[in-house]
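Letters A, B, C and D mark the chains as written, and numbering starts fresh at 1 in each.
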Amino acid sequence: MRRTIIILITFIGGLYYFLNFVLPQETPLVPFLTPDIKFSDAIEEIGRVTLVIGVFAIFLGVINLSRLHLGRISRRRPGWYNSVALLTAFAAMFTFQLLKTYAPSEWGDKFQSLLFDHMYAPINSTIMSLLAFYMASAAYRAFRIKSGEAAVMMFIALIVMLGQIPIGQLLTSGLKGAEGTNPWYSYLRLEVVREWFMGVWNSAAQRGILFGMVIGAFALTLRIWLSLERGSFFDREL
Amino acid sequence: MHATYTMLVLTVGFCGPIIYFILAARRGKGFYIRPIAGISAISEAIGRATEMGRPVLYCAGLSTLDIDGLCSMAILGQIAKMTARYNLRILVPMSDYLLYPIAEEAVREAYAAEGKLDLFDEKDMIYVPNQFPFAAACVGMMHREKVAANFFFGYFAAESLILAEAGNQIGAIQIAGTTATTQIPFFITSCDYTIIGEEYYAATAYLTREPTMLGSLVGQDVGKITITAFAIIGTVFALLAALALMKTNWFLEILER
Amino acid sequence: MGKAWYEIIQDIDRRIIYLVVFLVVSIPFFLSIRAPMEVGPPAQHLFDCVENIAAYNKTAPKEKIVLIIPEWDPAVQAECKPQTRAMMEHCMKRGVKFATMSWFYPQGVELAEKVAEECEKKYKKKYGVDWVSWGYKPFSLATFLAFIKDIYTLVEKDSKDTSIREVPLMKNVDSLRDVGLVFYVSGGSGIGYYINYALPEIGFSIGTGCTAILGPEMRPYLDSRQLVGMMEGMAGAAQYEKLLEFKEGRGTRGMGSQSFAHLWIIFTIALGNVGYLVHRRRLRKAQKGE
Amino acid sequence: MSAIWCIEGVCVKRKKESSEEMTELDATKKRTEFFAVLIIAVIVISYSTYDVIRASATAEKGESLSDAFDTLCLAVAAVCTLIIYSFLYRENPFYRFLEHVVVGLSVGFAVARGFTNVLKPNWWDRLTGAEGKPASLWWLLPLIPGILWYFQLSRKHVWLSRIIIMFFMGTGCGATFQGLYQDLLTPQVGQIVATFKPILTSSGGLVHFTWDNFNNLLFVVVTLCVLSYFFFSIRHDKFPLLKNTSSFGRYFLMISFGAIFGTNVQGRMSLLIERLNFLYEDWLKIHDWIPWLK
């Protein structure tokens, strides 16, 4: 019984969007009764309601996080001061963000800016910039001529890297033909080869992946929507 | 967006075989499926974590409630089932508030199905919104809990390499699968196994080995054959049009209707 | 027992690699190193598109404008700011008028306004006459679709709170059909809305300035001609700066750091491989000897 | 067999060992690290103090406190940046502290945004009739499914939360259908259609095979080979052609990934350049005091 309800609910959840996609644009919402109200006109309201219902879930994460860290603080686990910092940061950010929106004041805004522009944002972009370092160490470690695949990947990466910096381009700048001519060897310049790999090989391979992925996503969508999916989460009797 | 006629025909053309083969599989028809090493390696990774007696980390990246995220949750359910079987902890940081309850439910279900509900701890599931705080939290967790295996399944953006390199530093065995093709190179360089593109959607079928799911894979192959046929026919027509053997490329015109 | 040299260069500590990356990227900040780029077709096509608009404006009765959409925030400004700057420089240099607005990043349009004000001083142009900011509009698909049909329903005031009808530049602009080029600068993927919804309705050209990360994702659109051209990352900006002969641009300057960092990465890859190959050869020799 | 068909990590297969040696640093190393941190801290703190004092001294009247605060903010940002970079050396208590702070900030920001951007305009205003929207008690209804989420916290009635979860899964699926086609077949020029390209051209009665034609041919071949790599259920021993195309497909994938890796180097370096720009120019203001940069 419960299982049937849930299968039905899953189906209904997706039905509107599916019908909205499949039915022609002029379809009225309720046939014969409301010729002026189109089926697709309801999309905004339905979207709004589902959005609101969804957002109620946000506090679930907060509840769990507070339980975890309050527990750590009360039991004085090692590193409990970090939990204090976490909860303080949470409370401060939440308060000042709301204050900024609903009761702006000079110093309130300044503190919000301290928390957001001078802590949150820089930490964010610094973590992101760690990638520059990781990139270097990953390339050094991984690009060895151990297998054909690794060698191909390394070779292409080297060409692309050389082709996008001025010094690399200088290496093959001698291959340029005279002004206005386009001899065959001018196609061997690094930036041209790079363009070729990016434009033809890479685009084509990406498109191949995309086609496969669309079909895969299609099948999975269908399976979940029609409750055909199997696996621990999907077929346990309730 | 509303479907054009081509889209409707294609929808039927894609869905039809999938449903047909699922039904055929349910009637007991067996299918051959080629192995995907990355997916077979999942149990190897969990075995290693069991030997070391350390937790595993499952990371769904920035997935939201779309098809990538749902697929990730289905895989999480399967992996959690294995960790439950071997009495392991599974750490699941989540970045999306809608997927967070789903993930919790999936892990709880998995532990309940194995009769190990007492091992399940909600505190191992944490909610950390936004890309880089999420990455920082994952990296911190890896270092502190000394995880033995990392699973990255879902949608990833720039944080992919941060996560994979951090896992590499602590020497965890790492398996990744994502639909974000731009991130695959970084997983390839830093992870032990990488599952690419459509293989990701096929993962649950491989893990469950349910006939229904295998049937769906066969149906997907029919879809891909259709696309291949389209591409070849389209190219032939484009060639005919370019050589002026045809006045108009009516194949293209039909498609664009 | 110490390690052989070929083992050492195969196993350099990652911290040393990190440290050198840090140093080589820092050096150009203290020395002024300029590195001009070779121009690739995507940047060239974008440049030509603006040039064409400038040429068209000279003869046509009604001028076309460029719409610059800066969807970036400080996190990606190393790439997106020089791109925005280069496009604005180009427009002002050729006397093409432009408007700017953002949908996803409230900061985007503010930062772009600052960039435009810098250019304004250089070319002695005026706000309202040569460029206008339509401000930040929170995105929803419905508002975006309404915007495509009629810009004036959505944009009632400019970002300086003047009524949009009173801005001199806007006298010439009735609808998006008067936009010749949409230049979308971003580290995200919102450009799909312009390609999927706006392009079929209105036949303008779309160009993009994207982060280098996004470049490969944009290639298929370039290939299918849905995008006329693009500036790809910092190098794209540097190429555009070269076309403009704009030497003090941030893109050109950043390429110095880029070059050193690239060379270091290439060097480490080479080092690792040399070590690996020598090692393998030694092992084989040892096996033969046995 | 299985090893042939996977894209295995091409990373050097190290002996996976735990990082014990990282945690058991010997005493001398610890002492050096301590002094290094101390020296850096002293330099950063004294520079920041000097900077803050200078800012408040040079500020206009009445603005000194505000200017000092702004400069302090800058110093905070710089310190945060440096602490995150210290993670490159190794995981450390400073990083751990900042990690918790940023998680807290992030959750606080997300929840506040969830309220101000979603709940307030879409729900609260409509319920209470604020901001010129008509008040309607119908908006109490979403609370009922909204509450269902919280049955997760109850052991007994946890299945009720399943209703709302599956509802959202359903909507996720329904919305996906049209999204899939946006990539595949947009009305104008979709990705499938863009694959159809002539592999020969003719002009003046002659048939040519140009460079563009060659690229078109290459494009189709690469696309189809890659696609053939994703066939799951066709036996390669029965279809030898597929065996070849899919192994080529794998190499083509590697070419594509190598190219992506290469371009990404540039993008990631830009991020580092941006951060260093902040540290050197905004915080340390090198243009003010290094003679040849003035």
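The rule we apply is simple: a residue touches a chain if its C-beta (ideal position, glycine included) is under 8 Å from a C-beta of that chain, and two chains touch if they have at least 3 such contacts.
Source: prediction; values computed, not measured.
Peer 1: Based on which chains touch which, give the shortest step count from subunit A to subunit D.
Peer 2: Minimum step count, subunit A to subunit D: 1.
Peer 1: Which chains are joined by the largest number of contacting C-beta pairs?
Peer 2: By contact count, the leading interface is A-D.
Peer 1: Can you tell me which chain lies farthest from subunit C, using the average of the Cα atoms as each chain's centre?
Peer 2: Farthest chain from subunit C, going by C-alpha centroids: B.
Peer 1: Counting only Cα atoms for the centres, state how far subunit B is from subunit D in Å.
Peer 2: 18
Peer 1: So the centre of each chain is just the mean of its C-alpha atoms; given that, what is the distance between subunit C and subunit D in Å?
Peer 2: Whole-Å distance between the two chain centres: 18.
Peer 1: Which integer distance in Å separates the CA centroid of subunit B from that of subunit C?
Peer 2: Result: the chain centres lie 32 Å from each other.
Peer 1: Give the residues of subunit A touching no fewer than two other chains, as numbers and ranges.
Peer 2: In subunit A, 20-21, 54-55, 57-58, 60-62, 65, 123-125, 127-128, 130-133, 135, 137-139, 141-144, 146, 153-154, 158, 161, 164, 198, 202-203, 206-207, 209-212, 216-218, 221-222, 224 touch at least two other chains.
Peer 1: Spell out, as numbers or ranges, the residues of subunit D touching 2 or more other chains.
Peer 2: 7, 9-11, 87-88, 96, 98-99, 102-103, 105-107, 109-110, 114, 149, 152, 162, 168-169, 171-173, 175-178, 182, 184, 187-188, 191-192, 195, 220, 223-224, 227, 230, 253, 256-261, 263-266, 268-269, 271-272, 274
Peer 1: Which parts of subunit C, given as residue numbers and ranges, touch two or more other chains?
Peer 2: 14, 18, 21, 25, 74-75, 196, 213, 215-217, 220, 223, 233, 235, 258, 261-262, 265
Peer 1: Per the contact definition, I'd like the list of subunit C residues that touch subunit D in the complex.
Peer 2: Residues of subunit C touching subunit D: 15, 18, 21, 25-26, 29-30, 32, 74-79, 192, 195-196, 199-200, 211-213, 215-216, 220, 223-226, 232-235, 254, 257-258, 261-262, 265.
Peer 1: Considering only the defined contacts, which subunit C positions touch subunit A in the complex?
Peer 2: By the definition above, subunit C touches subunit A via 12, 14, 17-18, 21-22, 25, 35-38, 40-41, 73-75, 142, 215-217, 219-220, 222-223, 233, 235, 255, 258-259, 261-266, 268-269, 271-273, 276-277.
Peer 1: Looking at the complex, which residues from subunit A come into contact with subunit D?
Peer 2: 2, 5-6, 9-18, 20-21, 48-63, 65, 79, 81-83, 85-94, 97-98, 101-102, 106, 110, 113-120, 122-133, 135, 138-139, 141-142, 144, 146-150, 152-161, 164, 194, 196-198, 200-212, 214, 216-218, 221-222, 224-225, 238
Peer 1: Any idea which subunit C residues touch subunit B in the complex?
Peer 2: Against subunit B, the touching part of subunit C is residues 14, 196, 213-214, 216-217.
Peer 1: Along subunit D, where are the residues that touch subunit C in the complex?
Peer 2: 88-89, 182, 186-189, 191, 194, 256, 259-260, 263-274, 276-277, 280-281, 286, 290, 293
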